[in-house]
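Quick one: the structure is below, and I'll ask about it shortly.
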Amino acid sequence: MSAEDIKLDLTRRERLGFEEAMFCAHKSPAQIDAVLDQLAAAGQGSLLTRLEPEREAMLRAEHRARLDYDPVSRTAFYACTPAADGAPRVGIVTAGSSDVPVAREALRTLTYCGVPALPVFDVGVAGLWRLLERIEELRSLPVLVVAAGMDAALPSVIGGLYGGLVVAVPTSVGYGVAAGGQAALNAILASCASGIVTVNIDNGYGAACAALRALNHRA
Amino acid sequence: MSAEDIKLDLTRRERLGFEEAMFCAHKSPAQIDAVLDQLAAAGQGSLLTRLEPEREAMLRAEHRARLDYDPVSRTAFYACTPAADGAPRVGIVTAGSSDVPVAREALRTLTYCGVPALPVFDVGVAGLWRLLERIEELRSLPVLVVAAGMDAALPSVIGGLYGGLVVAVPTSVGYGVAAGGQAALNAILASCASGIVTVNIDNGYGAACAALRALNHRA
Amino acid sequence: MSAEDIKLDLTRRERLGFEEAMFCAHKSPAQIDAVLDQLAAAGQGSLLTRLEPEREAMLRAEHRARLDYDPVSRTAFYACTPAADGAPRVGIVTAGSSDVPVAREALRTLTYCGVPALPVFDVGVAGLWRLLERIEELRSLPVLVVAAGMDAALPSVIGGLYGGLVVAVPTSVGYGVAAGGQAALNAILASCASGIVTVNIDNGYGAACAALRALNHRA
Amino acid sequence: MSAEDIKLDLTRRERLGFEEAMFCAHKSPAQIDAVLDQLAAAGQGSLLTRLEPEREAMLRAEHRARLDYDPVSRTAFYACTPAADGAPRVGIVTAGSSDVPVAREALRTLTYCGVPALPVFDVGVAGLWRLLERIEELRSLPVLVVAAGMDAALPSVIGGLYGGLVVAVPTSVGYGVAAGGQAALNAILASCASGIVTVNIDNGYGAACAALRALNHRA
Amino acid sequence: MSAEDIKLDLTRRERLGFEEAMFCAHKSPAQIDAVLDQLAAAGQGSLLTRLEPEREAMLRAEHRARLDYDPVSRTAFYACTPAADGAPRVGIVTAGSSDVPVAREALRTLTYCGVPALPVFDVGVAGLWRLLERIEELRSLPVLVVAAGMDAALPSVIGGLYGGLVVAVPTSVGYGVAAGGQAALNAILASCASGIVTVNIDNGYGAACAALRALNHRA
Amino acid sequence: MSAEDIKLDLTRRERLGFEEAMFCAHKSPAQIDAVLDQLAAAGQGSLLTRLEPEREAMLRAEHRARLDYDPVSRTAFYACTPAADGAPRVGIVTAGSSDVPVAREALRTLTYCGVPALPVFDVGVAGLWRLLERIEELRSLPVLVVAAGMDAALPSVIGGLYGGLVVAVPTSVGYGVAAGGQAALNAILASCASGIVTVNIDNGYGAACAALRALNHRA
Amino acid sequence: MSAEDIKLDLTRRERLGFEEAMFCAHKSPAQIDAVLDQLAAAGQGSLLTRLEPEREAMLRAEHRARLDYDPVSRTAFYACTPAADGAPRVGIVTAGSSDVPVAREALRTLTYCGVPALPVFDVGVAGLWRLLERIEELRSLPVLVVAAGMDAALPSVIGGLYGGLVVAVPTSVGYGVAAGGQAALNAILASCASGIVTVNIDNGYGAACAALRALNHRA
Amino acid sequence: MSAEDIKLDLTRRERLGFEEAMFCAHKSPAQIDAVLDQLAAAGQGSLLTRLEPEREAMLRAEHRARLDYDPVSRTAFYACTPAADGAPRVGIVTAGSSDVPVAREALRTLTYCGVPALPVFDVGVAGLWRLLERIEELRSLPVLVVAAGMDAALPSVIGGLYGGLVVAVPTSVGYGVAAGGQAALNAILASCASGIVTVNIDNGYGAACAALRALNHRA
């Protein structure tokens, strides 16, 4: 694939209020290097998502030197050092510790866009007391991103206790009928709690963008 | 279909501890009448399940006179007047009021077999306080049948609060991705609470039989 | 089903900022009448959803007299006359005219909650000029509900042109592979536009609740 | 992932009568080491499930020294030496020899909880005499765990011959339409034998927990 | 649809050893009448399948007078009086009484082709003794057609006890995961008994044709 | 639904070379009448598709008088009398007589656009001689529309014998695994013959539009 | 897994007329060695199926010395040298060259049982002349095994030209909607040719067993 | 697999106007070498598709020397040097850069057949201006091949702006519900734009063949 096969959307921030991230899942190291070359030429930083450690390790040294890479979430900041200080505006909740990679993808995306977030991890409904301990803290935030796999019961329980926007992210955690996350996705869509919304399976980046969209018009 | 097409399993109680019920879903009124004739000839009563009001109304008058029919659960007792008195041994829980027909199928099956049960209806997790009010009462029972459709989050929450046998029954309540009950079934199978078991969608009869199996060996 | 099978969640508004609606899809006229009796006794109005004209016509006359019924959206206001005046705060967009019933369910839910909305119907991408004519008007609103069936390409196109919250509602409009709305749902979840969120198929009520959640914390 | 991402549920035994196991499938060796550190600090033993030999071999030496690891079932006892002596209280049955790993996961879970079990392996219905030879022995036990893949006909046949609780575990054994275990799961759910219950595909641990729940209230 | 839209395959018997049947499922009474007109003109009889009583009653009187119609199997012989005397050459077995309509479609097809068959109905594995009573009789026949819905365990058990050709017919009997017959079909395809073959769900006609194909080359 | 819910795309012919048809499947008679009113006001004719006889009979008399309605294909010409004379430019082929309604939808669409077509019906591969008799005639045409349900083997066979554009239309003809047409669709997509294209199940209208697109640029 | 986990069915030939084969897909080299030890002790040969070259190479040398291994079909004869001479009694047909591994599994199974077979490979319908050249030869045989992936149109065409038993084997050859063989399986089940039967995807062994069952009762 | 297992269709060009390509996906290097030997013996060149770099590297040196291999599209020209000069006759459009491999498979197929094509890559609807810049250029061409994964909204938008033949190719680009390309395929089949056609997922070769079929009859 040559450089002319790629058209960066450099005006997205102005149109939508947040920038295009570089989704690396289907790209070879050579392709990623080519896009980073373009970004470097344009003097622009970027967020990279779905960058596996194996492929990250194969990028050109000059590019790796400019990456702030997080292997858990498989995200990287390229040529920029984003910071998100101040009171959190979004809560990032997970049902189990296996959902943390997806939650961190959301967290890093918000950090990249300068929005501070509060992580509340491993509070699934099999031990309900863990959530009830934290619910008041969460109620003070306008948006929650809730990552859950398997039966994804957590967003429903949260939806009954909290009145702000709940962006549930089904995760591919599980096996058997839960493998791949479709069971979690359907449970969320069929939630008995009203007004819960969702994004694609494992799409922590998309959930963060939804939170950004919800915050966009706020003062 | 003539009488010789049907072979009643009249020794099931002796083998398994509970009798065969008559599953009416795929049978015409004429076929049901034919089986009732055989039962009458054998001097045996029976439980009928999945008998829609429309078909019940088309049975022969002599048979209808001997039916105790419940249109909500679509069950009937034929030629017998079962009673289940005493302290409840099984809890029958539903997430919503739309799950009641399935729950009542379980309840009537237990009544038919002489096992008293405690109904606790409409305590879904969107209003968690409804369940928490009743949980202590449920903890005193060795088996719970829990009917839930849509996201079926209730069995997971119960499974984290209660240590006896939980027989979840997914129901076909819902629409869109919940239509038909497959989403509820998968959520139950993928439950984050350990040791929850399940039966086919809408199978209140089967859940009651599972409770009977669990109670069979008890003193 | 008797009255004790139903537990109204009368404190939801206080917990979540919006009230429980009465989902009528799996309820018989007798059951709906029973709930309306309870509401009447509590002196409370309500929103009814998924009430088909056939069943509406079978409700008791005293209840029908207090219903403001809309057959297109199959919704009714019971014992209340909600109004939503002022500048619109939510846009309600549809791809085709067949998506209007779902869109109107969202619209009526917002009206019930006092939130004015702007309908922009029949602007699907097969005639792209129809959307482009209205996009500036939509950009002034913080939340859009976008109902689309078949290939559901509209939310993706809007997501690339608009930076606020996009709550897409897949509809069951279509046939063949589109029947039931699963193709539309998957297209939305897989959208190439970042941060689009979705709800269950045909769930106009849920989309409106999501908009209410997003507006809840606003000044 | 850091230690604060994990919240152990150390009071589960007291709530439910059995402890949380550590599900290792989605965890890296480093994450597993971190949890074992926490357990060591709390002076608590544990059961580990879904621990592949490759990952077991990468754990820290100090932890491996305290593991009793079984590669067939991919389970380990950490910092404890459970024993389950006495007359068996649960039967563990398999249809084929390929179902043994799942059956042993159930067996080891019961051993961990001190419940003796009787293994009866490779008695599938293609050679019916193998089951009939053992059925009397099985009838003396209150609960059977039955692992079967492919067409999963064995639980149905057992359900017709045995009156206690039958917890069927569909396995992912098979290929073509049987691949992944969904065909086995559906056959069990649709069983012509009444009152059979099931858990997720390959969930030997969950089946054992269900047996524990059923035994919990017994004298 | 006019007569020129239809091309009868009048030479099939000569090519294949059995004739084309008229599959009525998607045809209106007018279309069926048109085909019968063509057959009458050609002086040829026929077998009609999937002819519901409602449509049969709407055919022209002159055609109905020449039909031998069986409402259970929804088949008819047109303008012919087939007989199948002598020792049975095919066994027709069903698991339950609800599978009888499909079994009778097979039986009537064999009768139409002059092949005597032995019906053995309602011998499903939930009461295994019913099959074991008849198995010796079945062993004397070269081909068995076995109709079973739900979990379709019967063909697997028969396949382990009988060495001739087993043509299993999954039926759409059941509900929940069994609805439509896909679970039964998959269980048959995944059978642990070797060499079982199958046809489409509810395809009694096809199973009979398979038996005819197997008998075709015999002396 | 009021008139302002609908936006006719009156410039489609100019953009694409063919006009919008009115898809009636999800519209009530009142809605259809409203669109016809708009067309009448604009002095424009139209093609209506998916108009069931029951709904056609409920349209206003003044509109029915201007319809040329074909109940087999469920199509109507409104306020126009299209003719398509001359040598055929497209072949319309069906595998069975049950595929004719879909084929006629394609035929009527072509007629509406003035393109003559050649119908070749009921030439499925179970009687291969029927196709081979007509193949030379078909070879003279640049485009074939081939409607087939069930196993949809016909387009593959044609694709190996004919070098022009083959637009296959899977139909929902069949039962069991063929019900709904997904099996036919997949067989066409997986065709061993190269370069076959397809449209949605039963979409005769779309297949005709594809043929029009292919013919659009021709001299 | 120890030796007592395995129960060989050494009397199958006597019951069914053909022996159990050893299905190696889910077995480790150590488990396969253990079974071969048992067979050696019993002085019995065997057929091994689904034995990948990688695992075959890891068996103990003493066992490998007694294997006649075919890497294409992944089958082996253990401790026996079957021969199948004389006129062929079964035809083995494939649509493409990618279907040959499955076809050879059938061929080797027949050889193991002493039944000569005629291979006719790569005669798919995209080049129909290839089949027509061989059809007369095939017509002389009582049973055909037909392996086809992708759209599996070949069995339908053969079923219209040949009157004996057609055992179609769907193969997992293909990609996209054909991946895994489900499209091929459904096309076969929905075949427009009557009386075609099928087995699980890629089940060449099962197709051969079906042929053996059909030949079992012949003189 | 020996040489006699393969039957090249050397007369396809004459029958259909384009030659058979060699689909390498299920073939070992040895099998591919065997086919190339046959082609070399026949003095014929060929197009190879789905040839992964790993397998290409394992072919015999003499064959590799005669291959013009493109790793992006995984295609090779064997023993020929096709050129496609002149004004483009087909447009090849992609939604994203990840769709380029499929698009290049189409492009190389057209080049092999001497048809010049215009690539227009990375113009997905999330940045609509990218497509609008190129649409006039595309309108001058009679056929477009449009490759798109994820939600595949691009073909619908193009179908509303362009009146020639649109052959959409769904790609397997994406994750979660988009994984494997089924969501993209269904979105295309359900397109709101009329007359769009499609081929199997990732089938760039097939899309090019469809374009060739459409161009075949042109002057």
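List of remarks:
In order of appearance the chains are A, B, C, D, E, F, G and H, and numbering begins at 1 in each one.
Here is the rule we use: contacts are C-beta pairs under 8 Å (C-beta built on N, C-alpha and C of every residue); 3 or more make two chains touch, one makes a residue touch a chain.
Everything numeric in this text was worked out from a predicted model, so none of it was measured.
Contacts with chain A and chain G are shared by D, H.
Think of chain B turning onto chain D: fitted on CA atoms, that turn is 180 degrees, to the nearest 5. With every chain reduced to the mean of its CA atoms, the largest distance from chain E is reached by A. Chain centres here are Cα means. That of chain A falls 27 Å from that of chain C.
If you average the CA atoms of chain B and of chain G, the two centres end up 45 Å from each other. In terms of their C-alpha centroids, the spacing between chain B and chain E amounts to 34 Å. Multi-chain contact residues of chain H (touching two or more other chains) are listed as 126-127, 160-161, 176-178, 182, 185, 189-190, 194, 200-201.
Every pair of chains meeting the contact definition is listed here: A-B, A-C, A-D, A-H, B-C, B-D, B-E, C-F, C-H, D-E, D-G, E-F, E-G, F-G, F-H, G-H.
The part of chain F that touches chain E in the complex is made up of residues 72, 97-98, 100-101, 121-123, 126-127, 130, 173, 175-179. Contact residues on chain C toward chain H in their complex (touch as defined above): 95-96, 124-128, 150-153, 156-157, 159-161, 174, 176-178, 182-194.
By the touch criterion stated above, chain G contacts chain D in their complex at residues 1, 4-7, 9, 12, 25-27, 31, 50, 170, 172, 180-182, 185, 200-203. Across the complex, chain F meets chain H through its residues 15-18, 20-21, 142-143, 160-167, 185, 189-190, 194-201, 205-206, 208-214, 216-219.
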